[in-house]
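Look at the two complexes coming up: chain A is in both, with chain B in one and chain C in the other.
Up next, the complex of A and B:
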């Protein structure tokens, strides 16, 4: 936005959209320090809620009725079903009696929290500015939201790399998918609904398999930490 | 044709359901029959697909390019289904399970094998980039469960690394798909559904920036599943810890199916951007994978990891071959997909017999294989020679065509690197294999060698584990000496599709 356009204040719509997109990014940062398995799942649900809200905002402002359905389905799946499925699959995992419970993934970062956040900020800024330089414009949402969504994807990678517990890594992947959903809202709002439904169904399958493999891992390692996963190398 | 395509799409899924419900004997038989049937169905489609494209119900689309990958996958499916009958016996490896435990294990194994084959056969039949992505994501999750099936520490670790790294890669691939939609929607309108045919029709008018972004993300994302350096790290772990039949399918067809997805992105990107950009991207990844894997082949201690790095090497060769772009190089690449499926399937299945015989995956403990295994020993040696691109096997012909295409398209330096890399890889593979097969067994147990309590006797563990390997060797020779005319027509048409001429 240069010249005359820069002078005009952003519309209520683009302001709202950008605030929600930034909210998604902030939740992603919150996952860096979450100490509870249950809390991590809650953060994911919160992030997914924000994306569904954004879909509703876009649907209302741009008159895309399909997006209401998508928002509803994505809310039902990512905010209700996925957390329930995860909670069920992971029941009994984590802290075994000791402590107040569920403080099982605290301090699993491989770098200190401050360093991790700094790395994430640098990467997010890189994503933000490099996307802005591409010149991809969307008819439905401001380009800022696209840049934020790419930043979410990059920060999700930092999360998966830096946290050494299977729960955070899995949630990192799911939130990466949330980042891609945000991108899809910006540049692919017209994507046929049937494809979106297939994507969501696929996510559900992935969630179940991740949950099963977390169980397998926990069954062998007696913890959620990935610190012992160093046998295979070379 | 509709019936054939429909059966091909449904049969493996039906077999998976049967395996879940029926007793093990029925599961074995239905998997073997279904594998052979799928191979037959693909061969039945072959002549039609080399004349014109087939499209049904909007979501199924088969052209010559898809049939090449269907052929590789269904061949391995059939071979592995027969091999698994011999592999999955109630032996020492699962003695701790007891009878009910073993029944549960084998039920999961057979159902998973069929589901895995189903997802891999479905992927090349999909008509759009979106559905292709979904099918490949399904192959990931199903195969991750199969990697974990052995329920050892190693298997749990390999499965977790695999599912996490591959899924993260596929996240990038999904981003690539979204940007491909954005590019397509600029020309085709918002209701565009990511189908290949319309995208190819308008490829020349697509905006450049999103297509560039989509292509690079697709190479990185699907390249993770394909095993390109530097995103190959899950591959040796998963291949070495999975049950051997699954390793064979992972290496021979799963990697190839991901390569198929990259080819679909290449197909339209090369038209939009001109051939230069996509080829350069593939060349960088291809050369890096080839050289790194060739060096890793030296000094491996685990026989299945050795073969896994050989897969990384061959995926690098595929990427380099596409980067040459000359029609003969592309024909070589597609032939290489088929020959690599047969050769790597054979090598893994042969290695499975060695592992069964010696009771270990450690290369240092496997000695004198040629004496102890009258059939599998020589067949494993042939498979390794085939992987090293010795004549008269199929990989010799395909790599020869790729190199020829490299010189034809002035990629002299890259072609030279290719030859050097392949030669280094051959020596790495051959040195280790001759040790395992030819060196006589030490009489006294040295340090690091478990003492051989019972001397091993000459003989094959199971005939089921020899037959598919023997068939694979015949296929390799046929591909190398004189590929059938129908296959040559198919490859020629697929090359025209890839170069944007069909």
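Up next, the complex of A and C:
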């Protein structure tokens, strides 16, 4: 019944990869709306879980046993260790001196949520169309997942630019790294394991550095907002 | 072998099924909602009793309201009775009148009904009904792009925008179900349905708080049989939208592939079961989320828009 102009469905592997990639992008959009610091960290953990699942899918589809190790490591690091470290570093920064759980970071966006989402959609579209313009076609490469990963990176930038609180900016940076891992998984699944592990530990260092920066900022400005940082303004 | 029903009978059955089952589905949802909140809740058949009661009551019109006020419920009901002809309610194959209109055609008829009810609400001069009408039109203007993008997705996936064609495509292989464009379009449509049927997070379905009312405020001034038609119509609209989501997007299985009486009856049972299942999901959502403030509804719609647009994007690269 389908007409001749219909777009054919992708194979089950690239279909699954694309769905997971789109899930990663949607979580990235979810971060725009998240009002609690705790929720923001949870969204990051959810996004990282999706990346680990994608690693398992790619490992199974391409018969790369290394990737199972990578999936396990990235799960342990990004879903367990990084959120725990972040929560420890952010403890006591809440308005009431409580845990990071109830730190309210809502309303730190410089535009309204709906407008931010529209801006991010435009940027994501740019990512999509720029990858399409490259004209990469390969039977083993899920092109859509590649385009989505570029969109994730761009949307993470929007998150870092639009939110005026240091915590969202840090998590925007970490989720940007998730976008890059997504690209790596899709394009270069056979990357040597040692390199992937080095990237992961790089992230851990970034987490500690960002955590310390957040604490220092909070110590000086008494808030997580960067709106008060105006001393150098001419 | 069961006897083969004439095609026109099947066609009429599609409309009759929707009209007859719709209040029951609303009843089940009200019951489930009440149980989730720890109340006993009304009987499942309560909506039928309500309708019977209302049909016996006297009809009043506000002073100064013209004939439009009384004609609108009838015209809206006619629209709701027309749409089931266009969508796959019971059969996998297109019935003769099924090709009168595509998804957009069905959507136009549904919006015509909603427009007529809004006009009738404006006729009343009652502030609440007018407020409801104005809000309903404002927000349906911003959900319209979402529906358009869902239709674009369907058109790109099937090469046509007939609902029967998409249902057949979804049935054809597992790859069609996991493809992101399809998942995204279905999710976006579900969010639009939550809006269109006046469910949380957009509107409290059973509330009496006028400030948050959108759809529910419009029939404030109607009474008697006219009010019954509006209530019945809104239950039918809900079931029509559920049927589109279930039988076109999510689970187009259990439909009759021939006009045999046995398989048609089976299709009716399957439709009721699937609609009730979806209704339970909606009731759970109703109980798990808070209602959005009126000015936050744009955020809800922007999320639905995001899903629908991403669906088209993924198709653009041929990977959707």
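Methods note: the second predicted complex is superposed on the first by the 212 of 234 C-alpha atoms of A that agree within 3 Å, B and C clash if a C-alpha of one lies under 4 Å from a C-alpha of the other, contacts with A are read in each partner's own complex, and residues count from 1 in each chain.
Note that in this section a residue touches a chain if its C-beta (ideal position, glycine included) is under 8 Å from a C-beta of that chain, and two chains touch if they have at least 3 such contacts.
Remember, predicted model here, so these are calculated numbers, not experimental data.
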Clash-or-fit label for the pair chain B, chain C on chain A: fit
Chain B, chain C and vertex chain A (Cα centres) - angle in steps of 10°: 150
First (chain B), second (chain C), both or neither touched by A:169: first
Touched partner set for A:76, first chain B, second chain C, both or neither: neither
First (chain B), second (chain C), both or neither touched by A:35: neither
Partner chain(s) touched by A:121 [first = chain B, second = chain C, both, neither]: second
Which superposed partner A:12 touches (first chain B, second chain C, both, neither): second
Which superposed partner A:227 touches (first chain B, second chain C, both, neither): neither
Chain B versus chain C - smallest C-alpha distance in the overlay, whole Å: 17
Intersection of the chain A residues that touch chain B with those that touch chain C: none
Parts of chain A lying in touch with chain C, wherever the complex brings them together: 1-12, 14-16, 18-19, 21-22, 25-26, 29, 33, 113-114, 117-118, 121, 124-125, 128-129, 131-132, 142-145, 147-148
Partner chain B, residues of chain A touching it in the complex: 134-136, 138, 153, 156-157, 160, 166, 169-170, 173, 176-177, 180, 183-184, 187-192, 195, 198-199, 202, 205-206, 209-210, 212-213, 216-217, 219-221, 226, 229, 231-232, 234
Of chain B, residues touching chain A in the complex: 128, 130-131, 134, 137-138, 141, 144-145, 148, 151-154, 156-161, 163-164, 167-168, 171-172, 174-175, 178-179, 181-182, 185, 189-194, 209-210, 213, 236-237, 240-241, 300-302, 305
Contacting residues of chain C [partner chain A, same complex]: 156-160, 164-165, 168-169, 172-176, 178-181, 183-184, 298-299, 301-303, 305-307, 309-310, 313-320
